[in-house]
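For clarity, chains are labelled A, B, C, D, E and F in written order, and residue numbers in each chain start from 1.
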Amino acid sequence: MGKTLDEFNAYQQRMNKKILAANDKTMKRIYNTDTNAYLAGAMDVKTKELLGLVASMVLRCDDCVRYHLLKAHENGVSTEEVFEVFGIANLVGGSIVIPHTRRALEFWEEISASEQ
Amino acid sequence: MGKTLDEFNAYQQRMNKKILAANDKTMKRIYNTDTNAYLAGAMDVKTKELLGLVASMVLRCDDCVRYHLLKAHENGVSTEEVFEVFGIANLVGGSIVIPHTRRALEFWEEISASEQ
Amino acid sequence: MGKTLDEFNAYQQRMNKKILAANDKTMKRIYNTDTNAYLAGAMDVKTKELLGLVASMVLRCDDCVRYHLLKAHENGVSTEEVFEVFGIANLVGGSIVIPHTRRALEFWEEISASEQ
Amino acid sequence: MGKTLDEFNAYQQRMNKKILAANDKTMKRIYNTDTNAYLAGAMDVKTKELLGLVASMVLRCDDCVRYHLLKAHENGVSTEEVFEVFGIANLVGGSIVIPHTRRALEFWEEISASEQ
Amino acid sequence: MGKTLDEFNAYQQRMNKKILAANDKTMKRIYNTDTNAYLAGAMDVKTKELLGLVASMVLRCDDCVRYHLLKAHENGVSTEEVFEVFGIANLVGGSIVIPHTRRALEFWEEISASEQ
Amino acid sequence: MGKTLDEFNAYQQRMNKKILAANDKTMKRIYNTDTNAYLAGAMDVKTKELLGLVASMVLRCDDCVRYHLLKAHENGVSTEEVFEVFGIANLVGGSIVIPHTRRALEFWEEISASEQ
């Protein structure tokens, strides 16, 4: 498993822990909502992760993109589907999404390689 | 069928026609890509419209939201699913998405009423 | 009391009620967090409303700006303070905030006139 | 001359006057910088107005777009050039710029008609 | 004192000096306005820095966040207050602010450690 | 030639190649439109690159800024002109553009040094 993926996970876990330890009610509520919003409901988890991914891409949040790529992979999203999400994100959000697409693809390849 | 929905459709069609009539190559290519990106591929049309909807909501583009609500309705998206898209959009994009959610719901109700 | 202010309040209340009536858990959690985040804590309510106002201005959300102007007025924010918020918002967010500042000032004048 | 154009100009002038009358130093400095940034320098006024226009479009500020369309028209920008700005704005900023392009074209037609 | 903090300060000072040395009038006016906007007025410096911080967070500008965290620290802002700013920023700006909150907290800890 | 510039070019070329190799129609259309939008038309290439640069700056896309700085340099844009673009970008987009201006200037200096 590649280093970037490990580093991303380690940093995210360490800082999330610190943020939650501060016991700020608003931050805790947001983390709680964030966890629950992607659970299965009228839509299944896979579709919700695709929604989280495209929203993160058009808002150009690399770490959010990485998080949802990990979840998308866990939920059986294929490389073809990921590319169609990239297409819609770049169409709706414009060519400023291209640099994020490059980094997203690099991370996706790392995730895909890590499971073998 | 309500007036807002009619007005929206009429204005959009009238101005799109003018934009395309100007024969600017870049604008024509973008319109062409916009049409094709939502066709069935690795993902079905319904899923793609949900992606277009959530991307439009977090980027806070009311007219884009209206367009994708119309398409979502045509492709059998339920009110429960629309609300789950609203939830993810408001979580990822923040409380600034709330005013757009109010207008989106109003439009969704109009679309739903128009078919009866 | 002016019409715009009345209309704003009526529309907001009517649609918020509908959104909450749909019982979508994510939307309800976000509304709940939104209510609680501005309660007194380490910072007083007035300071928090100023924060909500400047955040809404730089993100260019007119309805959010109106909401926080109402709350700021209720909590004793002066016109001089409002203008200093406008200044920081226009500096940080750029001249694209100017049109929102025009509408914010118009609404602030209406709020101020409504109490007389 | 059409009503929208008149209304836009009247509202803008009335509110700008009020904003400046409040004597907030930051707001006055920003207005002052805004006036001076588009004066001829290493680039001519026309080029600078094209820059102001494309920046306003990708940031999706309708009133800013209107202002720069007026200035662009005064400085001899052609309809072909306006469409090329539209093209770059829609490419870089994505399909969320399309609704603003519709309104921009409508305003441009009104400006063009008003001079005859 | 940690390296990140030193590097941030050194890079910022070096490049700001170069930008100002170019003598571009617009850039100089913006730097000048930026300095003056946060001086005491109807609001005190601490409140203004909190406004600068929340605006920088919702606009997701890490270097701006760092700058205002430094200023907030100098003006006696507590860790509890910083977390309440984080809360409002994440509520208004959405979960895309979370990665910036992680980096902001890391920098805040470094500032806090550097004074001991 | 500096390392940053080399790395930027190498990474961009490597990832663009992979993106295009995936044969996603939407992504290919967007890349194709991106190439064609900056060709000479009613406006010359230099003006179009200035438009691409200012749009990239206000949307705060560092890699897009770098790309257009390279193209601007190839098309004879002067340092004075680049600074006037910086000025308009910082005015329209606000002080959150300042960190991107620092990095843009650093890259511009590297491009300028690389040709000697």
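In the analysis below, a residue touches a chain if its C-beta (ideal position, glycine included) is under 8 Å from a C-beta of that chain, and two chains touch if they have at least 3 such contacts.
Note that this is a predicted model, so its numbers are computed, not measured.
Peer 1: Centre to centre, using CA atoms, which chain is the farthest one from chain F?
Peer 2: C
Peer 1: Are the two sides of the chain B and chain C contact the same residues or different ones, given that same means over half of the numbers occur on both copies?
Peer 2: Copies use mostly different positions to touch.
Peer 1: If we define chain centres by averaging CA atoms, which chain lands farthest from chain D? Would you check?
Peer 2: A
Peer 1: Between chain B and chain E, what is the separation of their C-alpha centroids in Å?
Peer 2: 37
Peer 1: Just give me the whole-number Å value for how far the CA centre of chain A lies from that of chain E.
Peer 2: Between these chains, centre-to-centre, one finds 27 Å.
Peer 1: Which chain E residues touch at least two other chains?
Peer 2: 25-26, 30, 33-34, 37, 41, 56, 58-59, 64, 80, 83-84, 87-88, 90-96
Peer 1: Taking the touch definition from the header, please name the shape of the chain graph: line, ring, star, complete or other.
Peer 2: complete
Peer 1: Please name which positions on chain B make contact with chain E in the complex.
Peer 2: 58, 90-97
Peer 1: Any idea which chain E residues touch chain A in the complex?
Peer 2: Within the complex, chain E touches chain A at residues 60, 79-80, 83-84, 86-88, 90-91, 94-96, 98-99, 101-103, 105-106.
Peer 1: Give every residue of chain C touching chain E within the complex, in rising order.
Peer 2: Touch list, chain C to chain E: 33-34, 37-38, 41-43, 47-48, 50-52, 54-56, 58-59, 64, 78, 80-81, 83-85, 87-89, 91-93.
Peer 1: Using the touch rule from the top, collect the residues of chain C that touch chain A in their complex.
Peer 2: 25-26, 29-30, 32-33, 36-37, 41
Peer 1: Provide the residue numbers of chain C that touch chain B in the complex, in ascending order.
Peer 2: Its residues touching chain B are 11-12, 15-16, 18-19, 22, 24-27, 30, 34, 56, 59, 61-64.
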